[in-house]
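Below is the structure I would like to discuss, written out as structure tokens.
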Amino acid sequence: MDSQTLANLHQLLDQESDLREKIRDQVNDFDKKTRILVGILSKIHSTRSESIPSLIQTARPVLYSCSETIVELASLIPPNQFWRWKDMWCNSLRTAVFAAALFEYLTNGILISLESTSNVLGMQDRWKDRVNLSAEDYLHGLITMVNELSRLAVNAVILGDFEQPLKISAFVKDIFSGFSMLNLKNDTLRRRFDSLKYDVKKIEEVVYDVSLRKLVSKDSSFQAVKPTSNES
Amino acid sequence: MSMSSSIHNQFLLFRDLLDDYHDRRERLIKASRDITNISKKTIFLLHRLALEAQDASARVDASKIGLKKLTEVQELYADMRDELAGDQYWRYERQVSPGLQEYIEALSFAHFLEHGGLITYEQVQATLCGADGIAFFPLTISDYLLGVSDLTGELMRFAISGFGRPGGRTRALETCIFVRNCKSDFERFTPYVWELHKKQVVTAQSLSKIEDAAYTAVVRTSEFDLPAEMLDDIVNQTVLI
Amino acid sequence: MDSQTLANLHQLLDQESDLREKIRDQVNDFDKKTRILVGILSKIHSTRSESIPSLIQTARPVLYSCSETIVELASLIPPNQFWRWKDMWCNSLRTAVFAAALFEYLTNGILISLESTSNVLGMQDRWKDRVNLSAEDYLHGLITMVNELSRLAVNAVILGDFEQPLKISAFVKDIFSGFSMLNLKNDTLRRRFDSLKYDVKKIEEVVYDVSLRKLVSKDSSFQAVKPTSNES
Amino acid sequence: MDSQTLANLHQLLDQESDLREKIRDQVNDFDKKTRILVGILSKIHSTRSESIPSLIQTARPVLYSCSETIVELASLIPPNQFWRWKDMWCNSLRTAVFAAALFEYLTNGILISLESTSNVLGMQDRWKDRVNLSAEDYLHGLITMVNELSRLAVNAVILGDFEQPLKISAFVKDIFSGFSMLNLKNDTLRRRFDSLKYDVKKIEEVVYDVSLRKLVSKDSSFQAVKPTSNES
Amino acid sequence: MDSQTLANLHQLLDQESDLREKIRDQVNDFDKKTRILVGILSKIHSTRSESIPSLIQTARPVLYSCSETIVELASLIPPNQFWRWKDMWCNSLRTAVFAAALFEYLTNGILISLESTSNVLGMQDRWKDRVNLSAEDYLHGLITMVNELSRLAVNAVILGDFEQPLKISAFVKDIFSGFSMLNLKNDTLRRRFDSLKYDVKKIEEVVYDVSLRKLVSKDSSFQAVKPTSNES
Amino acid sequence: MDSQTLANLHQLLDQESDLREKIRDQVNDFDKKTRILVGILSKIHSTRSESIPSLIQTARPVLYSCSETIVELASLIPPNQFWRWKDMWCNSLRTAVFAAALFEYLTNGILISLESTSNVLGMQDRWKDRVNLSAEDYLHGLITMVNELSRLAVNAVILGDFEQPLKISAFVKDIFSGFSMLNLKNDTLRRRFDSLKYDVKKIEEVVYDVSLRKLVSKDSSFQAVKPTSNES
Amino acid sequence: MSMSSSIHNQFLLFRDLLDDYHDRRERLIKASRDITNISKKTIFLLHRLALEAQDASARVDASKIGLKKLTEVQELYADMRDELAGDQYWRYERQVSPGLQEYIEALSFAHFLEHGGLITYEQVQATLCGADGIAFFPLTISDYLLGVSDLTGELMRFAISGFGRPGGRTRALETCIFVRNCKSDFERFTPYVWELHKKQVVTAQSLSKIEDAAYTAVVRTSEFDLPAEMLDDIVNQTVLI
Amino acid sequence: MDSQTLANLHQLLDQESDLREKIRDQVNDFDKKTRILVGILSKIHSTRSESIPSLIQTARPVLYSCSETIVELASLIPPNQFWRWKDMWCNSLRTAVFAAALFEYLTNGILISLESTSNVLGMQDRWKDRVNLSAEDYLHGLITMVNELSRLAVNAVILGDFEQPLKISAFVKDIFSGFSMLNLKNDTLRRRFDSLKYDVKKIEEVVYDVSLRKLVSKDSSFQAVKPTSNES
């Protein structure tokens, strides 16, 4: 090999190796943040509805701090190399999506859109060739949220809140029927979609228990199983 | 085949070193198996006693009996002390860890029965010291976390088994909160201790089972306009008739 | 290798590869149809009994359209090669069986036979060496139906229909005791049969709940546990 | 190896292989019998207390016929080789134990002992190095019985029998205490013992439901729930 | 399930289960025969060229006896079900193909065709919907033969036969270039084809060793690397 | 999920799935071309030095035709998604690099640079966010070439060409020492680099054999082990 | 919690039975590990001695030393005799097998060095008998075949190591034929003993390595028109100078 | 856990994590040095005996510079934690041992002892609980040296040096005897010891070739093989 070729290759491989180290550092940082988030959010299961807002208040700064890591990642990744490196941070990113989606549900009772999630995480459109939120990662985050909500339905009842399961039921069925429409070729996503079915069933059983025992008004109970309106 | 005698002697020394290493490793593996067995038996013993225990003081007694049984493990560690002295512990960590984690699981179960809380790192280390107060070997945070993480599985069994006993429903609720806090607290350690990830998955499953049990209790109680204790009493009377 | 042998092998392998592509296209199509079917049928859980017939009316054309795909498959598969390719479409086929069986139960309250299912799906006897409905696929479809009925029992109660669980209980127990008689060596089928046990138990618990609360007439409640009459 | 040695080893291996075939035939037979037993016994869930004796009467000859298979096995197994072959029939044997234990409970309300079970199954002490009932298989059989009793507690209530759950509760608690005395490893028995805890819990729930309702509606019409038709 | 459906399913599954047993017996038998064949054929590595014919003479009856098993299989398999059951015997069949191909090479120095192999194994055209020799199994058998020939090249030299490696080289290269043309999508076949490359290299090295040391005439050595004539 | 979000996700996933199909078609085409290339190039092992140029002449148009496929790929891949899809064609691409590098060695006796390889394959700088030649793929191609050259060294000797191994030795050692300098973190590349060591050793042994037997002039023999000149 | 005392007693009995089973199992696992270790050490010892052995009688001596070391294993089996009496052997077969196969490997290596052939099933069983001639436990054909099958790997090492020693090339050729016969003879047992399949794959690899070594020797010798022994002598003289 | 406990554990884990990072930096440095060493030493295969000393002279400073890294490591590792961290640098260390052993052989023709190697690498006895040279790493280094010497035996002959193989043979046999004294487990050392046997065998083959040729062509022109150019 002539020395120029060699020197070039050398430099290329060294750069790659350095870059990987730097990304890993950021990802470690990202991971630590999302673990803290998960730790805080797991307290929703023992928190009464009225205290949920203040719990979210505690967690929100941690979520927002994720955007700092994302900025760092965006400045590290070379142009056009989003798809090369994204696997390194996708687990953390999915957890962050999960947190953002759970916040939105608990605060406003609605499903966060992919675009809003991007904004919350500080993604910028001009970086999209370096860092962005892919549909796949967004969907993974939603599934994690539903997994958590099926537990929340159970735990809300333990705390004496019989309305929450009904709200969750309506919300989750909507998401579930959205997922059912998608042509999921991707294996992991497909498998996790199967887990959604169990969540839906579990939530239905909670709604059943409170309806049967008339712990909620008939009307709200009926709403829980009747999310879509104009059907035969 | 002539070999220079210095080379010969050097390799003779290596032979002894390697043989010694392998022999010691074997002894530690065997001791570790024994420790695992005693710890597992202690856990069964604790379940047995805790199930029969009607009140807090009976649970303290149960804990005491379990802790006594665990002194057998402590004696084994005292015997291993010399094998693990100085820099040697780290050489055999992989052989020692599994038994140690099982011991910590049993120890933390006994501790939970007595105090209703989580044994601390320092308290575990304190049980692994000689009369001179010197540790038999350094306790890693990783072994501590992995050992106490296994406790959640036993607490799930404890909660489910005790469900039909007097006060079982209340205890299931308490255990539920304790295990949920464990899971929440351990979460931030997962980036540091790799195997903790898998243990957290098991903890999540156990927690879910305890939650389901607590849920069942609440749902049934909610149907009636009477306090839970009064309902319990009614049930107990019916059963006794 | 002499060139004749080589040319033959070449052709064989290429044909096989082409055929696989063509079958895959049909299976994608089949899959799309059954996904739509599942989407429609998932609405039974939020539909009152009286509206079920019209829901089925909506789905029936989709089910019938499956037979078109099956005709296409039958024209692709070479003689005698049913067993070679069947794994490619068996998931879709089992879903179609599930739909047909569920229709029959919801419409007439009875179990569809293997033969009727074949007819509904447009299977023709003269193709049986290319495409047919095997006992295994039929049984898988039935189990999927039972899985769905255990959810339906729960959701019917939420909608205030306390009779449906009793009907389901009688119907499912019949199927369950049929399955119990079978010598299931097949591993997947055996495992899914175990899932049936959970469904039966779940349905029994729903019947228990409504009986306990006297939400149904004694007669129907009794029927639910006593489906088969003249045995000692 | 010289050809004599080869031939000898061959012959020995062929003998073993023959023996395995013969045992398998007996096991298939055993399996068929226990499948019939399970089929009959599954009717307890829809049979009123008073008809249980006649149901058992029907099943008893099937159970007794198992001992014939066991005699055959004992004559096949070479001396001292009990542990070598027992895995082949242990599933069937555990089912037979389950049946014997359920009979005893339903007939006399007590726990059958290992020794009595051995007798019922026709085990003979002089074969004990060839065929016998090990503690492990006996215990597995008991757990299967408890699984079934937790279903029976639910179904008895549906049939209007509120005493059965109380009886089952007392009976099962005893068994559970017995199991608690054992030091188990992380094996199948331990896993099944864990499952037993859920059965006990389920039964307790039924007892809870029934007790409260009994008291709340003292002279309730529950007591009067009686089917119109008499069946044997 | 109505009793007719049930009886039919019962019969179907029992037949299937019986059939599987019977096929397994035949396959066991087939396996034993091919193992004996392999045992005998492994002696070619310590047999001088002149004694090879008599070695083959010993093995031939065993190979021919395989056709008896194949006849039995053909009589067991129901019409059109070749692809359903073929996996059960494909290992034995591939070994038989290997033996037939090796015989042909050692006897006549040529590659046996798929058709001839079928004939040797007693396959009959009128059974082709039940038992036949697929291209895949034929190719697997050939690869096994090449694996064996690369060892034979080495062992022939040990026995002082320096011409054999040259013959093998020419023969194997021909097969190798045939394989190279094929579009092998099949994963196992593809992986085994990679093993062919090692065999070719190994044989080239043997030819190299004997050429370099002039243990063979220059001409034959040249032939070994120059099997195809009019190129470049 | 609101219908807009759903529709967007739907479209995204469908587009992705379509694109994958289209890329697969191009890759199949690419694969076919490189298979032909490999077929032609495998003849170098049985071709005398003087006929090598005309052999290469035959293969060159096939190599050039690869650039057409590459153009197609570049037009399919969306901006910035090079790293997302590259794994689909990297095997074919590495084979093309191998061919280009072997041509260059056989024609001019020198190592082709990454840049020249890009040119030969028709890569255009303005596509680099969609299709380009990565250092990794280039290096894989070189290793494949060395694997082939170690075989060529052996076969050249069989054909009586004792100079070729010496040339190969000098050329390969140069490449090998280039590789040794690189910081190969990449696992596959590292593993394949280990295979290079065996090739170097094998080639050294061939040079040793011909040197020992004085089959080459002393001068060239010396060259083979002393490729780099002015170092201490 | 009152329990009928007969049930209680029955479960007490089960507890003892299970504890006894687990304890015995542990003891047998430990003994088996010891047996594995002694056997492995014996194999290394035999390699060492065989490599230095210049002629057949020296190899017989080597074998004797190895066999003597293996009496330690035989003593361990004698100690285990009671644990494995009657129908118990089959209960613990899975714990005993691995060590037993390693022992058979070592024993057959010693046998090969002395006799140049394969130890028979009966000869192996004979080493596992008390003074009374009664077997400690029944030897399965499967353990015998799997144990001697491992011998081929050691013979490969033996052949390669000895290659540069006087007579090594001839011995490599002999070993080659022996291993090839083993592979050929074992082939027909594979339908009966499942794990033998995998072992045959390893044997095939070892055989290939021995064949390659023998091949190298033959190729080099063939280049000269002199008998192999004479060539060997020439080489030895050159090296000694 | 109360927040103090949490914070304490956190701090301890962060310290460990920091330490690991610092060690990794040193190991990267160590790795870079040993890679350069290997690069220089690979030239021995193309260097005449008389120029070897000056080659070693070039490499020696690099080897000595390793001790600086080792000092750094010793200052990082906490007391008694040698075995905890050693796996991180053992590859680099083994390469350094290899270099030191090769130097000693090439310079003085003798085997370097473990103690001397320790000294060369700047290991200090007072650190031995933090950084030291274990027997295992020393032995691995020796095996790497023997791997290299078997190549050197071949290349020395190419360069016309017929004495080197004889020297290497005697030297390596001694090392081999040393290794034979050890009782190894089925670990990496055992596997590498097995590989050493092949090196010994290869060297014996070269000795064989050279010895016979020396005698056959007594005053052969081999002796006269001398390159024309003088290099240092």
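Letters A, B, C, D, E, F, G and H mark the chains as written, and numbering starts fresh at 1 in each.
Operating definition for what follows: a contact is a pair of C-beta atoms (placed from the backbone, for glycine too) under 8 Å apart; a residue touches a chain by one contact, two chains touch by 3 or more.
In UniProt terms, the chains line up like this: A, C, D, E, F, H = Translin.
Note that this is a predicted model, so its numbers are computed, not measured.
Asks: What is the graph distance from subunit C to subunit H, where chains are linked when they touch?
Replies: 3
Asks: Greatest Cα-centroid separation from subunit C: which chain?
Replies: H
Asks: Please tell me the distance, in whole Å, between the geometric centres of subunit D and subunit H computed from their C-alpha atoms.
Replies: Inter-chain centre distance comes to 66 Å.
Asks: Please compute the C-alpha centroid of subunit B, do the same for subunit C, then give the distance between them in whole Å.
Replies: 47
Asks: Distance from the CA centroid of subunit A to that of subunit H, rounded to the nearest Å?
Replies: Roughly 51 Å separates the two chain centres.
Asks: Just give me the whole-number Å value for how far the CA centre of subunit F lies from that of subunit H.
Replies: 33
Asks: Please set out, as single numbers or ranges, the residues of subunit B touching at least two other chains.
Replies: In subunit B, residues 1, 22, 185, 188 touch at least two other chains, as defined above.
Asks: Residues touching two or more other chains, restricted to subunit D: which are they?
Replies: 173, 177, 181-185, 209-210
Asks: So which chains end up touching which?
Replies: So the chains that touch one another pair up as A-B, A-C, A-F, B-D, B-G, B-H, C-D, C-E, D-G, E-F, E-G, F-H, G-H.
Asks: Note which residues of subunit G are touching subunit H in the complex, please.
Replies: Checking each residue of subunit G against subunit H gives 40-41, 44, 47-48, 51, 157, 160-161, 163-164, 213, 216, 220, 224, 231, 234-235, 237-239.
Asks: Please output the residues of subunit A touching subunit F within their complex, sorted ascending.
Replies: Interface residues on the subunit A side: 1-2, 5-6, 8-10, 12-14, 16-17, 20, 79-85, 111, 113-114, 128-129, 135, 139, 174-175, 178, 181-185.
Asks: Which positions of subunit C touch subunit A when the two form their complex?
Replies: 32, 35, 38-39, 42-43, 45-47, 51, 54-55, 57-58, 151, 154-155, 157-160, 206, 209-210, 213
Asks: Subunit D touches which residues of subunit G in the complex?
Replies: 1, 3-4, 6-8, 10-15, 17-19, 22, 86-91, 93, 118, 120-121, 138, 141, 145, 181, 185, 188-189, 192-193
Asks: Where on subunit D does subunit B make contact in their complex?
Replies: On the subunit D side, the touching residues are 166, 169-170, 173, 176-177, 180-185, 194, 197-198, 200-201, 203-205, 207-212, 214-216.
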